[in-house]
Amino acid sequence: MTLLSLHNVTKRFGGLTAVNGLTFDLAAGETVGLLGPNGSGKTTALNMISGYLPVSDGAIALSGDTISTLGPERIAHRGVARTFQLVRALPSLSVGENVLAALAFRKEPVWGKAAEARIGALLADVGLAGRADQPADSLTYIDLKRMELARALASDPKLLLLDEWLAGLNPTELRAGIDLITSLRQRGITILLVEHVMDAVRALCSRCVVMNAGTKIADGPTSEVLADPEVIRAYLGEDHA
Amino acid sequence: MTTFRRRTVLQGMGVSALATALAGLPVFAQDRTAIRIGYAVPKTGANAAGAGISTTPNYLLWVDDVNKAGGLELSKLGVTLPLEVVEYDDRSSSEELVRAVERLATQDNADFILPSWGTGPNLASGPTFDRFGYPQLGATAVTDMAPDLAKRWKHSFWLLGGGHDYANALVQLLVKQREAGTINNKVAIASVADGFGIDLSKAATPAFTEAGFELVYDKTYPLGTSDFAPIINEVSGLGVDTFVAFSYPPDTFALTQQSVVANFSPKVFYLGVGTAFPIYPGIAGPNHDGVMGVGGIDPDSEKLAAYFERHTALNGQAPDSWASAITYASLEMLQQAIVRVGDLDREAITAELSSGEFDTVIGKVKLVDNQLRALWTVGQWQGGKFVGLAHTERDGSRDPVVPKPAWVPAA
Amino acid sequence: MGVASARSVLVAHPHPNPPHKGEGVLLCLSNHRSAHMLFSAILTGLVLGGTYALVAMGLTLQYGVARIMNLAYGDIIIAASFGAFVLFTALGINPLLGMLIVIPAGFALSWLIYAVMLQPLARRSRDRGRLEGDSILATFGLLFVIQGVALVIFGSGFMSYSFLAVPVDIMGTTIAANRLLAFVLAVVFGLGLWLMLTRTRFGTVIRAVAANPASAPLVGINVDSVARFAFAIGGALAAAGGVVVSMYLTFSATMGVIFTMKALIVVIMGGVGNLMGALAAGLILGLVETLVASFIDPGLTLAATYLIFLAVLVVRPQGLFGKAAR
Amino acid sequence: MMKLALALIALVALAFVPAFAGPYPLGLGIGILGYGVLATAWAMFSGPTRYISLATVAFFGLGAYTVAVLADVLPYPLVLVVAALVGLIVALIVGLATLRLAGIYFVIFTFGLTELVRQLVTYYEVNVTRTLGRYVFLPLEPEHIYWQLLALLAATLAIAFWVRRSRIGLALRVIGDDPVVASHLGVRITRTKLTLFSISCVIMTLAGAIQAPRWTYIEPSIVFNPTTSFLVVIMALLGGPNRLFGPLLGAVPLFLLFEWLSANFPNHYSIILGLLFIAIVFVLPNGVLAAGDSLWSRLTRKAVQS
């Protein structure tokens, strides 16, 4: 069953075409990597799916309904959650309030006592148990990433968009991070993952979509795609082809 | 300035303020060393400039004059007391002013309170003066509501007339000029969109029309306008002999300069507040001669000449030739009323102000229904003085010079 | 003219040389006199706008580079006006020469203000929001200090003197020489500043700080000293504006805030930190003011100014030339 | 519960002030309450969102004008209702117009808006009614104004308290921190901002309406005085706009300070005030906002201990 489908999605910034006719589908329960060199349009694509950027052309559908005409809050209410390439914590709120913010503005809001219990559980899930009252701006980078993930999970997403969530972690943290995402996959959450850490991609994704200069250049099982000469060329340049 | 003894009134505001208010101690004559005069005037904010010309210098001069003469004799109490001053900055805000008057009346126990500057502030503080029974000598308020206000607030006095007085006088003066054949029938009016300008233009528009003048331009411009070229350019093509601007000081100056530049030199050039200011000749240069405006003085009065000298000596600037003399005269009236009553009974003094006749720098003054009806309404710069051309009760002191001399291009 | 006569009810409108009783704006404009009025309105509008632009350029530099929202900007202008006034009336120094004294004084004063008062604030605040709050409060205080000193020295009265109030004829439209001079100076200063910013190494450095203060130190730029210098240049421009304005405007010690707000409006409308924006916005506002005064109603000039300003922001929230936020 | 009781006692005690305070302390009380209401209402929206609005006096003035226009036509309570409605409608229009603006652009926009409102009111009065000033002759004594303002302040604080505890308050804080995150969490930014902005503006409008009878005479330059907007911002920033009582904590001492300075140093008011402001910014080393916060936390800590 198709959860997310992009059809001919295009984004132009003035004269620059950042994403050009991008088309791919995501089946429910799938974990797919969205790959490509820097500036290839991955994050732009993610931003269009989450509604942060309007599409210039084409359409995005979630469970068959067009969402590319909606704003981010409406898309969030339909079950799409995300993290950001550069962590965006809510610095003046506590860790718990950061998660509460996601619970409180879901389609079926959770508030009050019920929320407190949920916050505890969500923070425990990402390894931040008992730190709800800490100010968010006092967290370390990895903990901020954890908090952001808890915040994304708080909305019980059908589709989770992770934008380089594993970047900048040391090997131990990376291991823990991969485990965490694996556990989400096992819960049945569909995940679209923009990632440069190839080990993680291999470990997590059954399938990959590769972009270069705004267009899709490959789409298929991870091992095949990563062996594709065009993909290698895109990543490493002409000389290595 | 040496006569000032400003009390540090407010030490430990909350509690002590309450305590004093509760006590409200009567002040006995034998304890007195001075008559306390209180006033709140704008020293900062939008009204500061106006008050700095017509109001504050005259308050300073009066206090100085009285104290140099040894103070005021209170015959019933058998003492002669100097004046002491409590002054506040009302920051050009009605809210601050009302509170300052309340404070002067109840905290400082001022014997008399002098009003702030301008029409709005005088109206805003009217109820407060009335409530506490202080006579209010509104010498810088121009309002056609004066008869009603005087009835409403028994302690209020309105000394600068209303828009109709000035507008009608101007129209009558111009009718005579038209009959004499010196000016044509066309008039242009530009008014500042603020209290003064609107009051006067509201009165002037029908008056001009009734008198058979053709109003070829009658518009307002916003407060704070600095560029009058569009207005002057338009008006200068309309063939008017009479240009009337019910303007405020900065506009008055700018209109003069820009009319000179545009060589728009109508036979009658009439401007609003600021024309009578002592700095006007300095700004207009030789072109001030023949310019008409609101106000005026009697150039033949020796008393007034002496007042001008004293004012200049104390304040370093001459008074303006409209509201200044009236402000000073209002203080002389207060002074004479106090001496006549012989003590500090404010009700009796208010009654005396209403009914008595006073000898002041502007001549003999007797109020009608708490209003000063004897006013110079139209003035003109002639020979370095802003002479009165029209008066509500007597003939003008000089004949108008029409047409005024043509502009001399600036060097 | 057509619009004007239609709007003012009480006005009986005789046309001096009625060709055909014009109805509607276009017909009226075809009328020779109205065409002339349009030309003169545009000319006076440009001249007025030139002053706005001159005054606003300094502020856009201060806010764009030094990140200080300087509420005392207008009071620096007024202080310079007083300076020119004193030099002219007491010492007989003509304002153009006076600029040679007043502008460096404005530069030095602003340099000092930044070094003593604002730099510590800028250093201690990590994020921009806090510096904004602190600088609003501190320059609000500075505004009162400058105004208070002017009040004590000069009193609250109106100040005005006459300099170059002579007519200059430009294709049948007369304009005061002092206003024309203001326009010329605005163009000269604007051009000079623009050349400095685009053609010199130092200008590049300033623009780099304006564009990205966080990464400027990475390429070896001392942000502190650049900001201080930009703030001082802004002060020098304010002083220049003050001298120019004093030549033809009546001013008083309490009028500074009027200039601050006008300058802020021009800066914001043009886009923060953008000189061309300030120039364009200043000219637009000047034109709007005179056109509305000439053809619609002088009573609506300021309303029209603010309306245009608000409309620009509604359509382009980052100002005419500003870069989109985020 | 304890806090609520304390608040009620304080309210009742304040309600009795006019019974024994003289006219001047009552006048002070009116001024403090007036600014307290404005600062608290301002902070309700601007505190969490950090959108510094200079439109305070636009709403304040509209309220005063509504009273001036309708005082003779409608019964007084109805006039207040109309004033609130006027404030609401204008707030919605302004709110919609400013949705895309942020930072300094928002600040100056709101300032320009105030001036536009003032110019339009002036133009209307000058050209349509042919008078500029209006008179408000209502049989309201200062104590009536005091009580109304006290009630308004109590209501404002109650609303602010409720907002802080409710989802909409959290939504506003999230928007203030990061509008992008807010929208991705499902916060309806437009609706939230508009709601809070409207509530805040309606309160400001009422503050102007209630105080209008005190001046008797009203004209645009009196009621649309931009200084008021600036003072409100300064008061709220100084006291800490993100605390329930923060704005009040700023309004009371500043108001008394202004009063004291203008009374004792009428000729050097500006200089002293200015120097004080600069000193305040410097003496509080972590910036004014943080100082307000730390003072607050010290106070509450003491309260907890006792």
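Which chain is which? They are A, B, C and D, in the order written, and residues in each are numbered from 1.
Definition applied: a contact is a pair of C-beta atoms (placed from the backbone, for glycine too) under 8 Å apart; a residue touches a chain by one contact, two chains touch by 3 or more.
From a predicted model like this one, the values you see are computed outputs, not experimental measurements.
Think of each touching pair as a link: the shortest run of links from subunit A to subunit B has 2 of them. Counting C-beta pairs in contact, the pair that comes out ahead of the other among A-D and B-D is B-D. Inter-chain spacing, taken between the CA centroids of subunit A and subunit D, is 43 Å.
In whole angstrom, the spacing between the mean C-alpha positions of subunit B and subunit C is 34.
Work out the mean CA point of subunit C and of subunit D, and you get 31 Å between them.
Touching two or more other chains at once are residues 147-148, 151, 299-300, 302-303 of subunit C. Looking at subunit B, one finds that residues 43-46, 193, 220, 222 touch two or more other chains. For subunit A, the set of residues touching two or more other chains is empty. Pairwise chain contacts present here: A-D, B-C, B-D, C-D [touch as defined]. Here subunit A touches subunit D in the complex through residues 50-52, 71-73, 76-77, 81-82, 84, 88, 90-93, 97, 100-102, 104-107, 109, 111, 151, 155, going by the rule given at the top. Of all residues in subunit D, those touching subunit B in their complex are 20-28, 30-31, 34, 119, 122-123, 125-127, 130-133, 135, 137, 211, 214-217, 219, 221-222, 225, 227, 256, 259-260, 262-264, 266-267, 269-270. Those residues of subunit D whose C-beta lies close enough to touch subunit C in the complex are 50, 52, 97, 100-105, 107-109, 111-113, 115-116, 119-120, 122-123, 126-127, 180, 226, 230, 233-234, 237-238, 267-282, 285-289. Residue ranges on subunit B touching subunit D, taken from their complex, read 6, 8-10, 13-14, 17-18, 20-22, 24, 43-46, 87-96, 98-100, 102-103, 105-107, 119-120, 123-124, 126-127, 131-132, 145, 152, 193-195, 198-199, 202, 220, 222-223. Across the complex, subunit C meets subunit D through its residues 63, 69, 117, 120-121, 124-125, 129-130, 132-134, 136-138, 140-149, 151-152, 257, 261, 264-265, 267-268, 272, 299-300, 302-303, 306-307, 309-310, 313-314, 317-319, 325-326.
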